[in-house]
Amino acid sequence: MSKITPEAFNDLTDRELPIAANCGFRAEEIGDGAARVRAPFSAYLTRPGGTISGPVMMALTDFGMYAALMGAIGPVELAVTTNLNINFLRLPAPVDVIAHCSVIKLGRRLAVIEVTLYSEGDSAPIAHATGTYSIPPETGR
Amino acid sequence: MSKITPEAFNDLTDRELPIAANCGFRAEEIGDGAARVRAPFSAYLTRPGGTISGPVMMALTDFGMYAALMGAIGPVELAVTTNLNINFLRLPAPVDVIAHCSVIKLGRRLAVIEVTLYSEGDSAPIAHATGTYSIPPETGR
Amino acid sequence: MSKITPEAFNDLTDRELPIAANCGFRAEEIGDGAARVRAPFSAYLTRPGGTISGPVMMALTDFGMYAALMGAIGPVELAVTTNLNINFLRLPAPVDVIAHCSVIKLGRRLAVIEVTLYSEGDSAPIAHATGTYSIPPETGR
Amino acid sequence: MSKITPEAFNDLTDRELPIAANCGFRAEEIGDGAARVRAPFSAYLTRPGGTISGPVMMALTDFGMYAALMGAIGPVELAVTTNLNINFLRLPAPVDVIAHCSVIKLGRRLAVIEVTLYSEGDSAPIAHATGTYSIPPETGR
């Protein structure tokens, strides 16, 4: 069972993650070590060529990793990314971007999370990422 | 000699990269395959703990790679990131972030760029990244 | 349908990939853009602690990517790795390592391949990797 | 000052890292968080095209990271790689490969190390890598 609801995570976003809130990112589902998050398409998020920019996809990836991790360990806000690697696979379509995020290793101090990004309505991934979060010791886990 | 001036790159930013413009990113120096870019500190760019967020540092990294690449090949706006890998090394101080960007391989179709990020006034890097850009064939290079 | 058989790929290994052959790597299954490959456990492949070493897992990963790519495009020996990123998730058990490899993007010039590594008989992955191969233009694809 | 000599590290290699020993890898210089290591050219280390293979360069990278880390913290054999990212930049020449390795962040539990690889006698790098090592808690650091 998830240790945080999408509502609580989105509230935290509005309070603590101004760029993510400004981009309109939302968590739609959070499970125990899994999350589905969304970036709503708008011209504001694009780059030359009219597609969602790489930095927006990276920000959504990190946002989804944070959600999936909190789904596993609760609202540990001071967990921080230590590494992120992303491959951009296809140009996104001019629609919302959906990221599916999954914790593939949960240690006491480190978690590794995999993320696949899609243009809504298309099953061919537009990007794939993996990242590591460092979990602060004071969380009593 | 650089194939684009910081002024021209910053104009392009204002026209074509709304998120980067919104975050206040600026190119300060661009050489032939090198760039120094800046994110001005503001609460808007922070995350829990009050430090500049990971996604902002990733966005600045990608912004600086784009500048360094254009310094080498000119304003090829449709060059796109295909891979980015970043390691976060130290928590940033509550000051501007400066990224030093350098093309370490320039091929006909791919460029690899290295980026080191610093808190202004501190010589210990806060993050280190490498990335690959794909250069569109129609550039006549 | 795969464009190369495991037998043909293993023959190529014996002729052209001396380190992989020396480590005992074998392709067991190759499909169209997918492969399962194996490193047989032996003390020769270990590191301090008695587990299969990181470099062996990286070599097996690259070996499996090459097999999966050839499954998709045929025996294009001059395809080369341009990027590889690997996360080590758990210490391997003292048994064979199996890598499941899947092409997640096949372009004309670049392919991106995902690999998950397991200790035989255990469903928890011991490592996860992504990599990019560059496909030479002379392949007439 | 380095906490291990090249001689001690090469002895450890012969005892504990059979693949690295088999490939002929040697540490030539080790400093406090830095190392220069070498792979001697031989047909045994090549791949189709006659160049040193990617897995050999990855193995040399990891070998050099281990040496640089031990230069900083001493012979902590159970330190393990948790992430490695490598970009292959140019085809190596048929000569020895030299890797220059440098610890860019040394924490209590994690170290990040940067590696640049060269064909001997050529200043254009053939590959660039970054990696993270996990340092076991029992080292009393």
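A, B, C and D label the chains in the order they appear, each numbered from 1.
The rule we apply is simple: a contact is a pair of C-beta atoms (placed from the backbone, for glycine too) under 8 Å apart; a residue touches a chain by one contact, two chains touch by 3 or more.
Worth saying up front: this structure is predicted, and the values here are computed from it rather than measured.
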Classification of the chain A:chain D interface as same or different, half of numbers criterion: same
Greatest separation from chain D - chain, by CA centre: A
Approximate Å spacing (C-alpha centroids) for the pair chain B, chain D: 28
For chain A paired with chain D, centre-to-centre distance based on mean C-alpha positions, whole Å: 33
Distance between the centres, which are taken as Cα means, of chain D and chain C, whole angstrom: 21
Shared interface positions of chain C, touching two or more other chains: 82-83, 85, 87, 132
Residues of chain C that touch chain A when the two form their complex: 85, 87, 89-90, 104-105, 112, 114, 125, 128, 130, 132
Interface residues, chain B side, partner chain C - complex: 82-83, 85, 109-110, 132, 134
Residues of chain B that touch chain A when the two form their complex: 16-20, 22-23, 43-49, 53-56, 58-59, 62-63, 77-78, 80-88, 91
